[in-house]
Amino acid sequence: MIIMDSEATQEQIENVMKEIKRLRLKADISKGEFRKVIGIVGDERQIDFAHFTALPGVKEALRIETPYKLISREYGKLSEGLGERKVIKIGNIEIGGDKPVFIAGPCAVESKEQLFRIAEGVKKAGAHILRGGIFKPRSSVHSFQGLGAGGQDEAQEALEWLCEAGNKFELLVITETRGETQVDLVAKYADIIQIGARNMYDQDLLTKVSRTGKPVLFKRHFGAGIEEFLSFAEYIAAEGNRDIILCERGIIPVGKGKSYTRYTLDLAAIPAIQKETYLPVLADPSHATGRRDLIFNMSCAAIAAGASGLMIETHFDPTASLVDGQQTITPDELKEVISACNQICRLIASPGK
Amino acid sequence: MIIMDSEATQEQIENVMKEIKRLRLKADISKGEFRKVIGIVGDERQIDFAHFTALPGVKEALRIETPYKLISREYGKLSEGLGERKVIKIGNIEIGGDKPVFIAGPCAVESKEQLFRIAEGVKKAGAHILRGGIFKPRSSVHSFQGLGAGGQDEAQEALEWLCEAGNKFELLVITETRGETQVDLVAKYADIIQIGARNMYDQDLLTKVSRTGKPVLFKRHFGAGIEEFLSFAEYIAAEGNRDIILCERGIIPVGKGKSYTRYTLDLAAIPAIQKETYLPVLADPSHATGRRDLIFNMSCAAIAAGASGLMIETHFDPTASLVDGQQTITPDELKEVISACNQICRLIASPGK
Amino acid sequence: MIIMDSEATQEQIENVMKEIKRLRLKADISKGEFRKVIGIVGDERQIDFAHFTALPGVKEALRIETPYKLISREYGKLSEGLGERKVIKIGNIEIGGDKPVFIAGPCAVESKEQLFRIAEGVKKAGAHILRGGIFKPRSSVHSFQGLGAGGQDEAQEALEWLCEAGNKFELLVITETRGETQVDLVAKYADIIQIGARNMYDQDLLTKVSRTGKPVLFKRHFGAGIEEFLSFAEYIAAEGNRDIILCERGIIPVGKGKSYTRYTLDLAAIPAIQKETYLPVLADPSHATGRRDLIFNMSCAAIAAGASGLMIETHFDPTASLVDGQQTITPDELKEVISACNQICRLIASPGK
Amino acid sequence: MIIMDSEATQEQIENVMKEIKRLRLKADISKGEFRKVIGIVGDERQIDFAHFTALPGVKEALRIETPYKLISREYGKLSEGLGERKVIKIGNIEIGGDKPVFIAGPCAVESKEQLFRIAEGVKKAGAHILRGGIFKPRSSVHSFQGLGAGGQDEAQEALEWLCEAGNKFELLVITETRGETQVDLVAKYADIIQIGARNMYDQDLLTKVSRTGKPVLFKRHFGAGIEEFLSFAEYIAAEGNRDIILCERGIIPVGKGKSYTRYTLDLAAIPAIQKETYLPVLADPSHATGRRDLIFNMSCAAIAAGASGLMIETHFDPTASLVDGQQTITPDELKEVISACNQICRLIASPGK
C-alpha cells in the first residue's frame, strides 16, 4: 500500500502507478478525496518497498501481511474513509446499515405464478429483496438443475419473471450465476448477483462477476476457513468491485453419526469477520440447518451475533417446492422472524437501554 | 421400554424387573405416579420383546432405536410426565425454566482473595452460579494444572474457598472433576459437578459422577457429533441420575489457515438437541470463541438460539488470570451480557409481542 | 437404466430414447455390442418406470439409487462390458492397467528452459506424463497465478512449450484449466486436462471439459466426501466423456494446533472408490503432504493402497521454484520413488508370491 | 532442559534437582551414562533460565518450545542416547526395530474357547501379540461392554484366559483399560496396556497407567491433531514411563454424505510423527476403515508409510463376533497381510535394491 503526500501532484501519482505496472502488478486507486492511497494487487513480496518510498510524492510504502488487503478495515479507512462497516446502497435499500436486510423467496423459480405468489407474500412479510434460483448448482446431475438448465430462452424468461416480480412488489432481486458464460445474462436482470458456496473457489467466475459492477453476494464454502473466504472475496475486490456482501451458510459438521443439521452454522464467524473487514455479512439459516423448525431460532441468533441481514427460503407451500422444501418457511412464519429480528437488532445496538 | 397396564400390581412390576435382570440387563423405573413405565438399560437388540408382552400386567413392549432412550423426550413423558423441558431445581435456582441461568467465575481458582473478589463481582452482575476450576485438564503437562494438582490438601482448601464464596454471596457453585478418584471429594463441596469436553467419552467417570446424585453439567467434546454427545449423556442417565445439564462449548473449526475463533460454537445444535431430549442445554461462549471481544454477541446469539443459560469466564482483571485471560470478561461486561440476554429470552418466548 | 431385449430393433431403441427425451431427460447409450443398455441422465425419481417396461423391446427398467450411475461398476459392466477397472489408453500409455503410471513435473511452468530441463529429468526417472501448471488457482490474488495469467499470448506460448517438451522427451502432457473460457485453448495442447480440487464443484466447467472429448484428471476437493466426489465425476460422465481419471490429493486436517501435513491424504478412499466405480484413481502426495521428506513413504503407501498411479511435483532445484518448492522432489528422488512403487505394485498384485 | 558439564558432580546434579523442586516443577533425570541431562516437567515459561546457568556444574539451560519435550527426538538423543527410533523390547519382541510387529486377535474376548482358537490362528499366521478387549468403551450404554463389565470376577477370569492363551501360544498379550480403577488389575495380567482413542485426553488415566511401568499402547483420538496427540503422550512420559507405543487409528471423515470408511486413516501422520519423536508408531486399519475388504491394502499402505507394526482384528468367524465383525479378518487373511507387509518393509528399508 502506497500512501502519497497530501500535496502529491497528479503526475506524481501517475508516476507511482506506472512503476507498479512496470513491476507487472496492478494499482488500485480510490475515487474522491481519499485517492492519495494506492493499493497494490499482486505479489508484493517480490517488491522492494524502499524503492517506492524514494519516489517523489510518496509518504509511506507499507506491506500488509494478510492475504486480504483491499477488503481490510485498514485499507477501507485509508482509501475510502470507511468506518467499521461499508453501507452498500441499492435503490433505497441499505445493506450494512442500522437495520437488518431480509432476502426471501423460493430456492428455485418453478413458474411465474409460483414466483409472483411468493413475491407478494415475502413483501407483505417485510422482506426487502426477492431471491429465486434459476441456475441451481446441485450435487447430483440427476437432480433438478433450475429452469435455466433448460436453455437460453427458458433462462431469459425466468429472469424476466424475476424482474417483473421485483418491479410489481417493489423488491430488489437476487439470483445466482453458476458458470462464467451466464454472468452477463444474469447481470442484465439481477440487482445483486449471487455466487454460491460451491463456486467460492472459482476465481475466474469471481473476476467475471466483479467486472459487471453489480453488487455481489458471496457465500462461504462449507470447507473454507475464514481466512480463505476473505482471500477469495479479495479476488472480487481486486477487479475493482467493492460492493461485496459476504454470507455465512454453514460449514461441514464434525463428528460421527446423524448430524441433525445439514451444515454447522458458524455464527461466531460473523462478528469475527466483521472485525477484519468493512464488508457486511449476512447469514443463510435455511441452507445451514436444512430444517424448517430451526429457522426462527437461528435467524434470531444470527442477528444477535451481529449479522447485517438474512437470506431465508420462503414458499407459500413448503412441502410442494421442487427443491429444499424441508428447510423452507411460509410468508407468515417469515413475518414473525423479521419482527423478532428487528427487535433483537435494536436491543443489540444499545444494550444498556 | 415396557409399559404396564394401569392396574398392574406391584408384584407384576417386580416380576417384569426380575425378568429384565435375568437377561443381564438393568431396569429403570421411575418414581411416583408414572412408575408404570420400565426402561431397559443394555442391549435390547438381543431381547425377544414378544416374550415381555406375554407377561401378566404388561400392556406394551417397545424397542427404541436411538442410542439415547432414557433422556429422550418420549421416555421423559411416559416415565416422568415431563414436558418439553425438565426443570432442574437446585436451591432456589431453576435450570431449564423460563429464565436463563448464568454461570460465571474464573477459569481457574488461583487464590481465596481472587475467588472472593470475582464471586462478589459476578453476584452483583446478576449471575446465579459461581464457577472456578480446581482440577484443570490442560493440553500440555507443562501448563498450570489448577490448585488441585498440588495435592489432596490444596485441592480441599480450594474447594472450601469455593463453598465459602458460594455461601457468602448466595451463589451455587460448580467445579470440574477430572479423574475418577477425585469425584467423591468434588461431590462433597460442589452443587453441580462439571464433566469437561475432553472427558466426555470417559464412561467410567460418567458412571461414577452419576452415582453421586449431584446435578451434572456435561460438556460436548469438540469432535463429537450430536448423536454421540447424547449417547454419552445416556451413560449418566443409565446410572439413575437425570439431573443432567448439557453444554455446547464449540467444535473443531473447519478449513485451512487462521481460524479466528478457537472452536466453532455450534449454536444450531442447541435447538436441535432440545427437540430430542428433555434435558436443558447451556452454551459456553468463552471456550468456544476464545475471544473476549466476541462474548457479548455470542452470548446473545446463544440465548436467541434457545439456550437455557450460559457459562462465562469472568475475572476482575482478565489480563492477570493464569489461564485463558484472552477469553475472559469483567463483571461489568457480564452485567451487560446478562441484561441483554434476559431481554432476548423474553422476546424469543413470545415473538408476537 | 433401461435394459433392452437382445433382439430389440434399432427402431425400438430409438423409441425408448424418444420417450426419455419427452420426459425432458437425456439418454446415455453405449457404442458397440453393449448398446442394448440405455442410461438415463436426470431426475429419474419423477419417472414411472413401469411405463418403460411396457414399451416394446424393453426387458427391464431399473432405478439406481446412488447419485453416481454412469460411472458405477454395474453400469460399466452392463453398458460397456467393463471389468473392475477401465483402462484408459492415451498414446501408448495405459492408466488403470497393470502398472502404475507416473505424472511428474513442476507445479508451475516458469520458463522454457526450466520446463525442458525438468522434462528431461522426469523422463529419465521413468515418468510417463509431464505436468506443468500454466493457469494456477491460488488462494490469494496476491500470489503468482501462472504464466497463463499474463494473457492469451503468454498462455499459448507456455502451452506450446509443454507440447514441445512432451514431443521431445516422449511424454504425454497434462495441464490444468481454471476457467471455462480457457478450456478450448488448453484442450488444443494437452493430452489430459486437469480439473483442480478447488474447481471440483464447478459443474459448468466439468460439462465444458467433458465436451472436449479429452481425458480428464479430476481431483477431489479437500472438503468433499467420497459420495460428493463421485457425484461430480458423474457430471463429466453425463456429458458423454468416460475417460475420467480420479485423483485423491488430501482433505482438510482434523484437530487443533499445528497439523504437520498440509492436508490429510485419504488413502483408504482409493480402494473404497475403486469398489464403487470402474474409473482409475491416482494420488497426489505432493499437495497432500506439502512436505518433500514425506513423498517417498506416501508414494509407496498410495500404491500399496491400490492407486493406479501418482502425480508428483518434481524440479531439478526444488528450493528455486516459484510455487510449492517445499513439497517438490528432484528427478533422482523421483527415480527412487518409481522403482519402489513398481515393486510394491507387483507385490500387491500377487501377495502369495 | 538442563545440560550438566561432563565433570559435574553428583552433588551438583542434586543441587539442580533441588532447585527445580523448589520452583514446584518436577525433574526428569535419565539413568546410565546420559544422566547429565535433566528435563523439567511443568511450566518452564515461569522460569528464569539464566538462574540455572549460574548454578555450579551447569553447562547449558535450554527452553524447548513444543508442548512435547520428553518424547522429542532431541531429548531422547541427549538424555538417553537414542537414535531416530527407540526399540521397545518386551520378552523377545522388539517394537520399533527393523521388522514390523503384528498385534492380532478379537475385538472383544467372548469366551475362553473363542479366545484360544483365535490365539492359535493368529500365532500360526505370524502375529507376535494377542489382543482381546475385556473392558470395551462403546458409544452406547445399550451395547455390549465387554466381559469386564460383568464385575470384578468376570474381568479377572477373562484376564486369566488372556494370560493363559499368551503363554500357551507364545504371544505377548495386550488389553485395554478403560477406567482408573481397573488399571492395577489390567497391569497384573497384560504385557502391554492399551489406552483407547476415546480416553486419549484422560490425563489422570494416563498418569495412572504410566506409573504401572508397563509398556503402553496409546491411540490417537479421532478428533485430535498430531500436536495434541503428542502433548498427551507427554503426560505418560512425564510420569517416568517412556515405553510408549503410539497408534494411528483413524480420524473423523470430512464431507457430506456416506463416508465409505468409518474413519479416515491418516497414514501421513505416521512418518510426520516419526520425525518428531523417537517413539514407534503403529496403525490400526481395522477400526480406521471399519471394512474387512480394505484391510489388506491399508495394512500394506501403513507399512509403506513407515509404521512399526499393525493392530488387526482377527476372528476365525468374523460374522459371528459380537463386536465389529464387519471389520474383522480371518487368520488366513492375516497370514497374507503379514507376508506382504514383511516384504514391503524390507523393500522400503533399502529402496535401491
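Letters A, B, C and D mark the chains in the order given here, with residues in each chain numbered from 1 onward.
Quick note on the criterion: contacts are C-beta pairs under 8 Å (C-beta built on N, C-alpha and C of every residue); 3 or more make two chains touch, one makes a residue touch a chain.
Note that the structure is predicted; figures quoted are calculated from it, not measured.
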Intersection of contact partners for chain B and chain C: A, D
Winner on C-beta contact pairs when A-D is weighed against A-B: A-B
Most widely separated chain from chain B, with each centre as the mean of CA atoms: C
Averaged-CA centre spacing for the pair chain D and chain B, given as whole angstrom: 32
Mean-CA-position distance for chain D and chain C (Å): 38
Cα-centroid distance, chain A relative to chain D, in whole angstrom: 49
Length of the line joining the C-alpha centres of chain A and chain B, rounded to whole Å: 38
In chain D, residues with contacts to at least two other chains: 139, 222-224, 228, 231, 252, 254-257
Contact footprint of chain C on chain D as seen in their complex: 222-228, 231, 251-261, 264-273, 275-276, 285, 288-289, 291, 293-294, 296-298, 300-306, 336, 339-340, 343-344, 347-348, 351-352
Residue ranges of chain B in contact with chain D within the complex: 24, 41-44, 67, 69, 137-144, 150, 178-182, 198-199, 201-205, 208, 221-224, 228, 231-232, 234-235, 238, 252
Footprint of chain B on chain C - complex, ascending: 139, 222-223, 252, 254-257
